[in-house]
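Contents: one structure, followed by commentary.
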Amino acid sequence: MFKKILIANRGEIAIRVMKACREMGIDSVAVYSAIDRDALHVRTADEAVWIGEAPPNESYLNMDAIINAVKETGAEAIHPGYGFLAENYLFAERCEKEGIVFIGPDSKALKLVGDKVASREVTEKEGIPLIPGMKEKSTDVDHCMAEAEKIGFPVLLKASAGGGGKGMRVVNSSNELKDAAEAGMREAEAAFGDPSVYLEKCIEKPRHVEFQILADKHSNAIHLFERECSIQRRHQKIIEESPSTALNDDLRKRMGETALKVVEVSGYTNAGTVEFLLDENNNYYFLEVNARLQVEHPVTEMVCGIDLVHAQIRIAAGERLWLSQDDLSQRGHAIECRIYAEDPENNFLPSAGKILYMKEPTGPGVRHDCGVYSGCEVSVYYDPILSKLITWAPTREICCRRMAAALNDFPVLGIKTDIEFLRDVIIHPEFLKGNTFTDFIPINLPDWRPALGDDLLDKALLSASLFSNTASQKPVVSGGSEEIPSPWKTLGDWEIGKK
Amino acid sequence: MFKKILIANRGEIAIRVMKACREMGIDSVAVYSAIDRDALHVRTADEAVWIGEAPPNESYLNMDAIINAVKETGAEAIHPGYGFLAENYLFAERCEKEGIVFIGPDSKALKLVGDKVASREVTEKEGIPLIPGMKEKSTDVDHCMAEAEKIGFPVLLKASAGGGGKGMRVVNSSNELKDAAEAGMREAEAAFGDPSVYLEKCIEKPRHVEFQILADKHSNAIHLFERECSIQRRHQKIIEESPSTALNDDLRKRMGETALKVVEVSGYTNAGTVEFLLDENNNYYFLEVNARLQVEHPVTEMVCGIDLVHAQIRIAAGERLWLSQDDLSQRGHAIECRIYAEDPENNFLPSAGKILYMKEPTGPGVRHDCGVYSGCEVSVYYDPILSKLITWAPTREICCRRMAAALNDFPVLGIKTDIEFLRDVIIHPEFLKGNTFTDFIPINLPDWRPALGDDLLDKALLSASLFSNTASQKPVVSGGSEEIPSPWKTLGDWEIGKK
Amino acid sequence: MEFEFLLDGEIYLIKIDGNPSGEYKAVIADKEYQFSASNISPNEFSILLDKKNMKAYVAESDERIYVHVGGKIIKLGKPGAAAGGFGGTGGEFGVKDEISTPMPGKVVTVLVNEGDQVKSGQPLVIVESMKMENEIKSPTAGQVVAVNFSNGDLVEPGQPIIKLNPSE
Amino acid sequence: MEFEFLLDGEIYLIKIDGNPSGEYKAVIADKEYQFSASNISPNEFSILLDKKNMKAYVAESDERIYVHVGGKIIKLGKPGAAAGGFGGTGGEFGVKDEISTPMPGKVVTVLVNEGDQVKSGQPLVIVESMKMENEIKSPTAGQVVAVNFSNGDLVEPGQPIIKLNPSE
């Protein structure tokens, strides 16, 4: 087993990986950019190395700086987290050349599954069901236009190199295509360094269902069942759950087998996710392989009772899979809500700034994978994900109630977040019924605004008055032993009407 | 189902029950004594009622005040937690008369299992294995002396009415007996209002293994496997785990069946625990029924994937058990560490005072059931339990490492706690091997002192200097938006040697 | 004691008084409240209002007081603080005639020119922030009177990118 | 800047200096340290010492500074603070010739009388606190010179219950 691993990432995912390292007796090395000196991942690692300035391409995407940090600290392996260099086959290749273990698939498999067009070809040959679409990626708007006409509108425009919804757009008619393609290419270039896009038929009323897989370097693979990730805004998941309310045992079994087939034909190893679209008639279409630890991996961990990061590290170290498909079962229900710095009242625009105060939810069946803290600055440079709140319970109903209660008691003050919005999704009757489709938000919560009764406003005004009163009486504070004296010590006994 | 439940308790257990109520759509009512106005359980409930002064018999043991609070708020049921009135059959009887549902067994069963001598009689008749000992309780020291001689030293002296190790003493020879019996009677009187004690043969090198059971009001009962609770100090558990390293499948099955037999013959309903001593030859002896939700219930929840408080409430509301024995299995491993305000360097004497600062551990597989917070006062009036740290992992080895990591990153400053001691137990080679006997602490960690290397002292001195430096420069703080300015803003650029 | 707070352009006046044991009386408009209150930590209050429990978390910036109560966040303005126009629709810090972004970012494309007539909801400018392109839409119909930034410029929250003359 | 702290009766002197970017130098005895430090919250520090990360949590009472580092708590005395005798063995606040309790409680039984000779480890008094009876043992051999409390009395931390004349 490795003695030291460098985590080439930041935020909640870096911290989650570092905690796994600690539990496995492995030292962890953080890397950080100039504005991340005080970030939580720096304080969670055993060692920390400065790798450059704030813009990602000068730090977290800077391969040379990261490889240097590995050498300087004597780390033997790199965990890339998600995003940044996680699915960059050139980086995996570089690691292979330098004799550093990249905790993920090898560069060849990474290159194949990362190229959506190439991976379509390989999987199509094997009879894996695919959505009709372009056979090759393009940076040519006119070519895209011609292909779109062939496929038939509406079409979905996607970045060839990327994931996470970046660059993705629904195009309903030919006169929307040019603007959409140009913007998509710009985003793809900015996010992945590759502007190529491709088009596919837009499946209406779909669900997004994905299968978690683990594959070792000795040709053994298992799947860990599904995650339903249909609740999305801006084509990005915000709520994921397992099991899916749409799958029965037969469909689950068939989709799991297809997922393992995809893994087999692409020579994929380590942890990965096979994404499918599922239509209303239970037809499923292979979308792509997410060649990384997914943001939403905790729901699988809680339902299957395994630890995916431990598994990634053990597989990368060459271990044979210690579980067979028959050892695995789903128990209870888990839901994840992604906590983003964004404004749900304003088209989910990202929000940056200082978190003046926050308090993490806790309790039985509540897990909070968190990258921020009271007093930290949320920077405009990086992905606006702050944390992930996950609940598990014996049933989906209790899991939803547990999540709603946790979201309700989760103050994050100073920046905008989606917490109130997420709570309103979770308690929505259609969500509780399990009617989760990718158009859930535009259909069920269009133009969402937080409801604010008079009663609550009065309570807020009372609280603000108490705060202002206390603040105005507050003495010089000396460190941690803050005593908040009663204002009455200085003001004496008041009565209403006296001023 | 109930619409409102009053929780007749305080601290972490009251909070844990209130969270369950919220998840079930039930309003919760807190009760609090004069010094608990700012306690966490008051802030977790939907309503809160003042019930008296700080001493327990004026508040949390005051049946009239609690019954009045139920009537005043319109609650339909009382959850007693553990301790206080949880196992008081007179209180259960009172509830029955007042038409209030007591969430626990009925008063008859409670009276039977609470009387250790009476319950010995009932179980002995059914062929349930028992430790040789006195057939009746006593308050007569001379009588105890005679019985002790009959049983043969060493004997164990126990309070008849109580649990939790209060009043319990090992007596090695006749000349120790008088003092031990008198002290035990005083403690029993103070803790339970009944000075009666009894004696039994002291089993050497035992393990303490208990089975969680659930029984509905329709004669259905299941067990949820075992908890091993052998790590004790002052005859009180501090670390519990499930599964036990001592049980094989056959022994587990037999003990489970015995536990269900005990439940059956005593007419017990709701959640309860059947306690056994297990000797080195795998002989087991029934000790007693703990007629309440146990402090250590979370390890069972995490391993079995159920929620015991939800189950208690559903059973009390009259529901039939929704699980059969075959639905249940143990998955992975869970350990609980009890965080006490006490001094492990000084005979585990309780410690009271203000928690100047604390930070709860978090992470995958980490649960913290907590009753305290930064700035709270730990009172001398109540049980010194602060919180419970529980970890779950796929294997015992990882579970131990996860626990050690969580304990390591769990600052509680201002009062003494057992956190460092617990960490040293968890990482002890004998603990890791699963060699957990009730004499673990005197054998493996006698005269424990925290080890403090020079290196760590220097780090502490550096940290204290940074703190003092910052504190001395700190401006008037205005509420939550505390800006900690760099001292250099006021002090300019220093160099070493300059002063 | 009296306090004033702003919400959506309205001023709210609260009279609040109490005694040393933490019992308070307050008046908001014509409603009277009696409650017990306790300051748990600098940012946390426990309020018992007719035995009903209420947790409130409060923090402040230079301009605002943020209150979390009942699972919701209410942002109150401090009267006299620098920022005007709370609750404007053209971005968090914007008012209807000044279009700004809620977050720092880079102007990718300005979609309108000075003098253009725009409709309510029409995209005016695309700003890249946190790796996403975000369309900033017009909160109102009107005429563009000024375009203060060009493609590629960096922009800070609250800086007016575009000024409008609203026709509504 | 210089700071002094007490531990187990010894005084430790720390010289510490730094620059605006958070780089520090410190000297303790003859050891020199160079590190980067950051104050994350009033009670939390992040220190990078030769790239090794160290989290420290610090809080203070009137008499002490509590530091949590590397999973351990170190209690340092502030020189000049009221309480003497850090690290005494006769209870947290006690010194060897004064027996007190670390927590408030009720004296259940005083087991010795004025003038008695006692051995090290001999139980002197039983105090009930937090529902448990606790034996307070003698930290040293010696003679009892004063018994200040009787059965049933309430006692506060630091109040000498018994005074000894140590013979060691």
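All chains are identified by letter, namely A, B, C and D, in their written order; residue positions are counted from 1 within each chain.
As a convention for this text, a residue touches a chain if its C-beta (ideal position, glycine included) is under 8 Å from a C-beta of that chain, and two chains touch if they have at least 3 such contacts.
Remember, predicted model here, so these are calculated numbers, not experimental data.
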Once you count every C-beta pair in contact for both, which comes out on top, A-D or A-C?
A-C
CA centroids of chain A and chain B: separation to the nearest Å works out as 37
Just how far, in Å, is the C-alpha centre of chain D from the one of chain C?
49
Starting from the mean Cα coordinates of chain A and chain C, work out the distance between those two points in Å.
28
When you check chain B against every other chain, which residues touch at least two of them?
356-357, 374-375, 413, 467, 470-471, 474, 477-482
By the touch rule stated above, which residues of chain C touch at least two different other chains?
22, 41-43, 55, 58-61
Spell out all pairs of chains that touch, sorted by label.
A-B, A-C, A-D, B-C, B-D
The chain A residues in contact with chain C across the complex are 166, 183, 186-187, 190-191, 234, 341, 343, 346-347, 349-354, 356-357, 359, 380-384, 407-409, 411, 413-414, 416, 420, 423, 450, 452, 456-471, 474, 482, 484, 486, 488-489, 493-499
Note: in the complex, chain B contacts chain C through residues 30, 37-38, 42-49, 72-73, 373-375, 477-482
Considering only the defined contacts, which chain A positions touch chain B in the complex?
16, 19-20, 22-25, 298, 301, 305-307, 310, 331-332, 356-357, 360, 362-365, 367-370, 374-375, 393-394, 398, 401-402, 405, 413-414, 467, 470-471, 474-482
Give the list of chain D residues in touch with chain A in this complex.
22, 36, 38, 40-43, 46, 48, 51-53, 55, 58-62
Which residues of chain D touch chain B in the complex?
1-3, 5, 7, 12, 14-20, 22, 24-28, 31, 33, 35, 37, 39, 41-45, 47, 49, 54-61, 65-74, 76, 91-92, 101-105, 108, 126, 128-135, 137, 157
